[in-house]
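Labels run A, B, C and D following the written order; every chain starts at residue 1.
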């Protein structure tokens, strides 16, 4: 931590800061510059609320030096973690192979999810997604089939062999969802629902954890740390677009997080181009871009009849588009020394 | 809902859209313009996922016409709702009087919260805030005293007569928190935790509901609608700053929401200048600005010794600053035909 | 400047950084912490491109310590600069009195601008605004009357005694505009048109300089420094809203810049609630908020017949609304120890 | 244009709106819905300031239906425009081949730019970039060598055969710069400097026009329309990152604009991953992503000795990295049915 004093700070103000630093159990190291003094603070700044020094008289600003997360950091863990979804090794995130999770936004019915699973399988994708518990912005919108939806997903898995990824909304549902799902998904609106993060950390199924739509990477990795610190190391990160001023997409898909997260963390990173754009016609191009910049997986919304989807039809591609896309992704994967072959 | 066709859309594509509209149970009304055709859709667009029409061939975009919330709308409810916190009428939001909620970010101990409550009372503010359950970005940071903290708050209420406002983080804590608190607070990170919104809607204590840091007003009022629709009409809205590119504050305090929310909803609106700036030195000016543009209340972080606060010290003002601020607020209130006098 | 090394940086990498620092003519001061090493850099970091150190091997990040502007800083100039527009002292920005600039977006004709000037005068405002050269997003929209518009403005000044503020778009027009105007306005889209800033700095009329819609305060004050460094100290800052994700206004009016700019700079700060919201119905409330948080002036769009305005009618208030607003502003001004009385 | 009335609007208010519409020379078409009335407006809404209707009594909002640009639209111009830089056809944007523009941020000296040009050529890139006139946020920073810099660029072109791209800052320099350059660049800070756009439209050299850092695509294409409407059809669009809350990059590179611009406009689109991230280590991955999603060219900052660059060293890659990247780009290009071979 570096405390930058104001140019007009007095010695007494600098002394007051060094005293506060010592009270925190840290070491101070003041440096007198040509224009102003800074106080370098030595020790683990993560354990204290150092921002409080900002309000001490004569202080201009406080700058953090250390990454605020530990277990998620690549520092002591240089290999990318491999997270396997389901039994067997058909769907491993973090290796050379880049799996694709596909399926509808929500589980609409037994026949619908089965047909979707078969289309996902036929296209060559590796896992099935579908929501049984749906977080809806509008309280009057379809909220999902709950446990019945989980059972339908399980039946679709039995029929196709595809592992299933589905969202959990609240701590009290974690046990139920983890009974059926091969991977629990935490949505963007729950990205700082710390009680839910902890609950997912206390069970053993892998967790696909979406980035909050206005989260910095430091905040994102601290949220992942909640799951890791609770005991579950099988965390897959997922970028799904951020909120900006742009209006040609529903969200802005920030692909630079892929190479940057690979620098900062050992956790694999998946891209969701469906929520990341909100527009079906942009999904193929952005999927290929994600592959080219090094993502470890993709999560794509596909619906067997998007115009009649109950949710997210606008961003869902058809089985035919998915099928073509899987072929294109296989080609791009090879061009960047990865593979994307049927599971 | 208005479906805008592309300039090159065919008649068959327009017909396909009108068929989809009819399948939704709505009426279509196509209008042929000089450059393109639009299909006006008549009926309650809130019950359907109209965005799906965006992916029909020949469609350029879909524009919503109706507000997506009903119970929160001012339309059928022209008076501002008055929400009373605590017993008696010392602290009513939505009337001429503008109450101020003040207190520390977190309940740090029995003595600390009692001293804070006495300072709040002495300054002339109207309610006490303090967190017993703390949502923390960093998993290693202080997470609050839990039920013990609630008991300390209740003791401070008994000693001062100030009603208490405190945060609830997860549905399973709602019953516990509502046993002690006079008003439940839902934080910005839980603003779309729909299970928590519903749980707060099913109990009877008033709810102070913060806007999510990247929520539009339409999304915000839909979230409020979750509480209203669950049966609790005592909702107080609270703007606490949004996430933007600005770096001179922790958040950007968007005060224009005050007059705009007064247009759209009958719910009272409180401003939190502490989180809204993240800097103690900006709190007095922004509190006065909030009063001048018509807010129905203020929520201000005050700590008896901010430099030693466990949380949010950087944005907490001292009792002396609060005391001066209350005098200043009283003057501004009068200038805009409101009052802000001790409860 | 503080160079933060990576936790795994080698001594050779630290040495390489210190060598680069010395080549820049600065002094290095490495500090070995518990987790990593930082290199404090002593000397004037403003003269070098220190960011380049970010790409040296083993470096994590570079953090600036000094404000990047000098002449605009309050440090050596503790009094707020008073900038007078026009002859006499009826319109001084930076003192106790808070002047209001009002008028139409564009000068539409001789009669229109005269009528507007008279309405501005009658309402008790202090200066007349109106655009003769209009920057228009759409190339087919009305672009202003040019020099004829300037002459109409001058005639309105002669008739009412109100000083006039008008925009200049390009360096080659600066001489012409400064011949007629009492104050030159630089618009948000030209806030980093450095050639225009310099040209305005080389003439002597005061400059009202709008903040860019996505500028940080550091960038803004550096832009102001271009004018100051070119020789013109009469700079008035003007916040007109920033671009964010919000959709209930055209821009987000960030009022916290008022107290923060007062900390950082000696230049007076004016608020433009018309562009800052884009909605006429929000202008009165936001004007009062601006007054309450300490602005040194207001710039408000008023049109004698907004429904027929050629430009910006949606955000222009009527003469009657301005008249009421001036009375309200006078009351709020007194409540914060300022005045806002007719010039 | 669609005018949405408030649910409580009276018939007189609807009539007032239809009258205003007729005064604008447009046709009105009111539609009475179940909850409210909308007035569809038929005719060319681009010629009027329809937003003014927002302030008519009883109006809730106004929604535009038509794209605000014409010449830039793909509607009447379905083939992507091919823009050739320099003589011969070695560097054509908009075809199957995807050219790469590379070089330093600024022309630092005769030897430096020559060495850079040779490195660019050796790596297999297609054009040389370098700034002679530099827009600098800080007034005290290096501003470029001006005409001398242009001469150095021309000498580097003579030595290598590479066409040159360089920035122009102000209308009065357009003639000078176009005398030397093969392509004029308009920077992000000048993206709405309409006088400069017009001046570039009145000369015949191709224009590489960067998107403003907070511009929507509609605003961007209107700015391009200024150049097209002034007579110059050789416009290349260039995305260079937008301003958002993200802090791990200097800007957020929004790659979804590539497929979306291909839908909306016939102009070719180039990606600048250097400014788009501000970090050299992210440039290779983002270049490949840009290629994969269909860009028509790349603009990359390369410096022969980035640690000693006068400007933008943090985001400049070395010749060795460029050389490897060109090989990688060639592979990705093939995977998406494009080519990227030496010019």
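Simple rule for what comes next: contacts are C-beta pairs under 8 Å (C-beta built on N, C-alpha and C of every residue); 3 or more make two chains touch, one makes a residue touch a chain.
Listed by chain with UniProt protein names: A, B, C, D = 3-deoxy-7-phosphoheptulonate synthase.
Since the structure is predicted, the reported quantities are computational estimates derived from the model, not experimental observations.
Chemist: If you average the CA coordinates per chain, which chain's centre is most distant from that of chain D?
Modeler: Max centre-to-centre separation from chain D belongs to B.
Chemist: Where in C-D, A-B or A-C does the B-D interface recur, with over half of the contact pairs identical by residue number?
Modeler: Selected pair, repeating B-D: A-C.
Chemist: How many angstrom between the C-alpha centroids of chain D and chain C?
Modeler: Centre separation, chain C to chain D: 26 Å.
Chemist: Could you give the separation in Å between the centres of chain A and chain C, each centre being the mean of its C-alpha atoms?
Modeler: 39
Chemist: Need the CA-centroid distance for the pair chain A / chain D, whole Å please.
Modeler: Here chain A and chain D have centroids separated by 31 Å.
Chemist: Mind pulling the residue numbers of chain D that touch at least two other chains?
Modeler: Residues 214, 243-245, 279, 281.
Chemist: Provide the residue numbers of chain D that touch chain C in the complex, in ascending order.
Modeler: 20, 23, 46-47, 49, 51-56, 68, 135-141, 169-172, 189-190, 192-196, 213-214, 219, 222-223, 225-226, 229, 243, 279-281, 306-314, 316
Chemist: Quick check on the complex: what are the chain D residues that touch chain B?
Modeler: Residues 2, 4, 7-8, 29, 31, 33-36, 38, 40, 42-44, 63, 65-66, 75, 243-245.
Chemist: For the complex, which residues does chain C have touching chain B?
Modeler: Chain C reaches chain B through residues 214, 216-218, 242, 244-249, 252-260, 263, 276-277, 279, 281-282, 285-286, 288-294, 328, 331-332, 334-336.
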